[in-house]
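Some notes on the structure that comes next.
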Amino acid sequence: MTLVESKPGGAGLSERFAEVRARTCRLAASLSSEDQQIQAFDYASPTKWHLAHTTWFFETFVLGREPGHEPPFDPTFSVLFNSYYEGVGPQFARPQRGLLSRPSLQTVLAYRETVDREMVDRLRSQDEAVRADLVELGLQHEMQHQELLLTDILANLSVNPTSPAWRDETVEFSSAPATSKWIPFDAQLIQVGHHGRGFCFDNETPRHQTYVHPFELRSNPVTNAEVMSFIDDAGYRRPELWLSDGLAWVREHGVEAPAYWRRNPGEPAWRTFTLYGEQAVDPHAPATHLSGYEAHAIATWLGARLPTEQEWEWAATTQGGSPQEGRWLEQGPVVPRNSPTTSPFTSLWGETWEWTLSAYQPYPRYRPLAGAVGEYNGKFMANQLVLRGGSCATPANHVRTSYRNFFYPHQRWQFTGLRPARDAQ
Amino acid sequence: MTLVESKPGGAGLSERFAEVRARTCRLAASLSSEDQQIQAFDYASPTKWHLAHTTWFFETFVLGREPGHEPPFDPTFSVLFNSYYEGVGPQFARPQRGLLSRPSLQTVLAYRETVDREMVDRLRSQDEAVRADLVELGLQHEMQHQELLLTDILANLSVNPTSPAWRDETVEFSSAPATSKWIPFDAQLIQVGHHGRGFCFDNETPRHQTYVHPFELRSNPVTNAEVMSFIDDAGYRRPELWLSDGLAWVREHGVEAPAYWRRNPGEPAWRTFTLYGEQAVDPHAPATHLSGYEAHAIATWLGARLPTEQEWEWAATTQGGSPQEGRWLEQGPVVPRNSPTTSPFTSLWGETWEWTLSAYQPYPRYRPLAGAVGEYNGKFMANQLVLRGGSCATPANHVRTSYRNFFYPHQRWQFTGLRPARDAQ
Amino acid sequence: MTLVESKPGGAGLSERFAEVRARTCRLAASLSSEDQQIQAFDYASPTKWHLAHTTWFFETFVLGREPGHEPPFDPTFSVLFNSYYEGVGPQFARPQRGLLSRPSLQTVLAYRETVDREMVDRLRSQDEAVRADLVELGLQHEMQHQELLLTDILANLSVNPTSPAWRDETVEFSSAPATSKWIPFDAQLIQVGHHGRGFCFDNETPRHQTYVHPFELRSNPVTNAEVMSFIDDAGYRRPELWLSDGLAWVREHGVEAPAYWRRNPGEPAWRTFTLYGEQAVDPHAPATHLSGYEAHAIATWLGARLPTEQEWEWAATTQGGSPQEGRWLEQGPVVPRNSPTTSPFTSLWGETWEWTLSAYQPYPRYRPLAGAVGEYNGKFMANQLVLRGGSCATPANHVRTSYRNFFYPHQRWQFTGLRPARDAQ
Amino acid sequence: MTLVESKPGGAGLSERFAEVRARTCRLAASLSSEDQQIQAFDYASPTKWHLAHTTWFFETFVLGREPGHEPPFDPTFSVLFNSYYEGVGPQFARPQRGLLSRPSLQTVLAYRETVDREMVDRLRSQDEAVRADLVELGLQHEMQHQELLLTDILANLSVNPTSPAWRDETVEFSSAPATSKWIPFDAQLIQVGHHGRGFCFDNETPRHQTYVHPFELRSNPVTNAEVMSFIDDAGYRRPELWLSDGLAWVREHGVEAPAYWRRNPGEPAWRTFTLYGEQAVDPHAPATHLSGYEAHAIATWLGARLPTEQEWEWAATTQGGSPQEGRWLEQGPVVPRNSPTTSPFTSLWGETWEWTLSAYQPYPRYRPLAGAVGEYNGKFMANQLVLRGGSCATPANHVRTSYRNFFYPHQRWQFTGLRPARDAQ
């Protein structure tokens, strides 16, 4: 986030604030207070916790700095809903978030209302009583949590043998096949990183020069049909396809298919658990819920590799078209599909995040933001890989060409797939 | 349970059925659906699960056997709410019960209503359409779960740093001191086990002869004041007081006080988490939430030992007065106190379960019940210790002189304390 | 150990001391210093450690008390070779014993020589410079470690895929079938516990009255052939045969056969790892390396149960013949067989320890020895079961009718089997 | 390893083979067979295993390919001493290597002699009966294991409370202070990776263009005195200095100082366990046994950062002098010191490996070697960081400017320290 450069304040900001905040509640609205309570994995926070934490973020980093701010809504919340900001203070243990039956959902919603009222009042006042850059950071943070809210509820519902749905919608799961081509790029000194207009996170800066070697990027991501062939070709049991850590992960967890894939006893057809309950796997849709290790192995099996994040960014910049073309959270349904596109690339934006080869590391001359918000990105620059392009659960207008998402290579509860790359001949 | 001998059927049974079943719901009524969802420990089932499981018990073991019974309320419940009956079929994993946001509490309450309606109809009908002995077993089972429901919610709420209460009542926590005397018993051949009138569990049978050596049993249980002295005397750090497994347990978990005991930073006074929130420890009340290991160490520190279950039963039979004198769940509040008594023993009935020295093992010529209900008791006869006397969370009329409760020696989330015994001089 | 009663001192004691101590070294002599170094499991101490620990026992509990004793051989040994005597001081972590490459085996053997020289000098002197009862305790302790030394080396060598042998002997593994009969016993008040002549451990005292109900005990222990039938009858997968904790143990560890049993790929015949390398299972030999859980399940499968330790002791006392008839360590080979007997019972003494139903608990009015040697037995009276009768790895003249061995019900690296019992009709 | 380019064969190769192989045995010679048996951590293989594994490497990858090769020395060795080559076959479990008391050290030494004899015969024959490039790979592999042998024995001996020494030498531990300056480098397109003359590993190739931004590298590595100041400044407890994963590692393991640092009770002076036993920490020597997380935190605390591997390589190439100037294993003692140098940098070569900021990832257009030897490097390109420059335990002539060592950021049993870098002003 280059705070000095983001100037989204003024009249529009209070409307955008209200709109973004309201969408979070809408996403949760189909869930009972019990659904919003549960946490099936250390990493998958309860919906109620997301609702509270995103509110805490505004209360702490925006309102808390301002003169005239009321005492906190509830002083215990500074511990309960602090995710990982050591600079703010201690945090309630992450794996136990699902045990906080109090505060109730009702209280959390009242918390949201109270904070939102003060926020909107201040945003509408002439006195410019809040820092617009921090409001913008809070909104981008909220959008990230909208995606997490959905991937977490998918994870949390997945352990229930009755396969419950987030929303009771009838959803069609059948994509048309996409064409698969290799798009070539020449070697050159390029610029990557955020341009300097509009919001960005600090990890996208500074924009800098780097050298790319000649490469090719596939026009479409790997599909579910390809993953089924990988399975049939014993891909999960062939050591030569895997990184050493990946093979250890496969063996330790007995991995045999992407996350959420299942087969009924005696039936060969793969099914998958989705936000709409259990469904048949859509063969021509982009594969998703793959770990970085699986992405590496599948790319290797295809005779290819993962792209570096610089290659991805350069391809997206020069031939990727506009992120507006992607299918995002607002369009629904929240499940990857093939969608028509005017660029050479299909599903580059939205649908499923794409693993890259690149470790998540600081750009040259990177500086984190000052203060506790500086913990937002920088301290996670170890052991993770960069992902690019957004997913069907990402809100529109959130992702950029320079946007860097990051997860550990063994994680796969996000919508994560891959797009093969290769060295140019 | 000697099924052939229990004859509690007829007109009274349908009323008693309705009464016992209604009490379970009343115990849960002060809790939100979120409170009823959570499970903070593998052993501490959610309230909602208890509501469903006790209903499943009647549906499976009473209604399920009868001709004319409707199809099950929901076929998935036979897995979700089966606790441990291998003879019935597979069980949903115990540590994950808190993740079942579906079925909702509302559905579980509807499940209770449906099963209760059929049960009451059959109990009232002339046709004797259910086996009264199994109904009685179900009611005794329900009473056990009423106690578990409370001890589990205590455990589940205890991890919340805001110390929430089960019920918002003002409760006085201050007992008068009890007199402490040693009551002697001679050596002799005695009879222990259930007499044969009224309901009992199979583990209380058969009544049989055994030989007790001369012993003395203390008139009152160990108090909180004694435990505080034990702590002040470095009791938790003196190996000579502990069983080897107990010492390992203390060191592994850093145990320094009974479960739920806390001290505010910088303050010497012990406080404890109760069903009514955090409270000062009541010094003259019977100590509770002690593991069997702690019970052994405290008894040793007092120059005494735990009684065997035969000694306890013999003392209760001959000088223990009537269980009616005890303070039980119905009286409340659900926290141990001293209560007046006419027998030589105080707090023998109710208040807090008392650990015995005796491993939970089959009585000579013991036979479990036939069928899946035979799994109720017999298969747990390994690694556990017998406890006697009931607690403040036990429903009235549930516990007998011959009643055998059992837990692992490291467990202490029940209301569990001790009454010292010693060899007669 | 009733120390006041054991009077084995005088001239004979120094010879017996030398003989027992020398046997330990002979048992280890076929092993290289590398073999004597390794520890494959937390519970399986290295041979070298046994050699040092048994020496430390004499140095600490016998010589260390005496005036004129030299400073310790090496002051670090008081930590390194203290097994579990909290009263003596801290102990080197048990699971890391196999990491002590220093002191070397050579130094440990020198340690033995130094301590043995002082011991023999004192035993031979007129001044009665040591307490004979503690010497006797040390010798009985040494004999227990001779058995452990062998069972531990069996465990430690078992992880080596080359199936190495303790001794390169040709050993015949083929027993004749034993007759199987039920021997009846009447109900009565009996006396159990040590008689008061000769050495015993404190846990065998005091001798006391107890009541046994009518029972029958099988003339022969369960055989390997019976275990193979149990396996073929899906015994390991039938919940109704198992204690609940036992079933959990089977499932967690994927248990499918006794410890050390193996099958070559594609071959139906069971083989087993022994102290003489891998061998075919001897069908008519007593089954061994069974856990207490397996013993319970196999007995249940046979329509029987385990005997209580009182039943076992009474049967052994009245119809068991003399322990001298058993086949013990000195006779070899160290692997259970059927051996001829003049009593109604076969293999009651030696061959394989027999699990009982009885939890290892204190006898009425039990008092541990004073001082740190009081930790020998009493502090382990939790969670363990009593075993009776000795094994092919037990030295002769070590086991008595009243001898109580004890292990956790999941353990099976000792020579442990079972003899079925049943209630008399 | 660019196999086609390495041509070190001919007369010299057999001498070099004999010399390198003999050095491994000399490094182990001061250790008993017990010392060579132990494995205190999953990662720290026994000395005996190193002796066997390096021999297996030649037998498998050099001799095994050749016509006329005898059957293997022992067919079980292909499993026992295969480290991680899935293409060769299954491997004995790494954490259990310390349990292989058989084969004995004597047998392993005979194995070495047998393989060495055949190797030397073939190397001396006219027929060029082995592939020189694979021999060279085997020798470089052996040199890597010479370093590991020492760092593993340091780890394995460290758990022994008697602080045993690898070699009983008197070693002086007192360095003169080094000057600390910042050496600047301009932005530019540079070439990194192996030049193409002499041996290299495949991970150093292909040489390729990359862009470096202006930076400065400190003339000397971080010293023990600086680490002591970091500790005194509460460095291990200040979250703002740490990566998130690093902070979790510190808290989980209670890290308070570099590996092997200790303090005597009541004494403020730091001591450290070395290959020569416990010693006082040498304040002016390069700090070592630091994890990558600690390296990051200490650099941050100094207001600096770690260099990228490209920055390091460029600095070493242009101003680093010759690796010959470093102090290597052959010179001894094996403990970091300051040593005089003619380049602007001190201790750049040898003494202690230097953590870089760079994740261990493939160079552009990287191709692993064909066949199982291709598993040597490529499959480890996940979750690890690159280290540069060699250590006091690295054999001379092993490390190059382009040499990439790699470890996980939490590991610190190697000689690993850091040299601060910073962005140029």
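By written order: A, B, C and D. Residues from 1 in each chain.
As a working rule, a contact is a pair of C-beta atoms (placed from the backbone, for glycine too) under 8 Å apart; a residue touches a chain by one contact, two chains touch by 3 or more.
Model, not experiment: these values are computed from the prediction.
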Intersection of contact partners for chain C and chain D: none
Centre distance in Å when chain B and chain C are each reduced to the mean of their C-alpha atoms: 38
Computed distance of Cα centres, chain C from chain A, in Å: 59
Junction residues of chain A - those touching two or more other chains: none
Touching chain combinations (by label order): A-B, A-D, B-C, C-D
Contacting residues of chain D [partner chain A, same complex]: 84, 86-87, 189, 208-211, 213, 239-240, 242-247, 293, 296, 357-359, 361-362, 364-365, 379-383, 409, 423
Partner chain C, residues of chain D touching it in the complex: 32-35, 37-40, 48, 76, 79-80, 92, 96, 98-105, 156-157, 159-162, 164
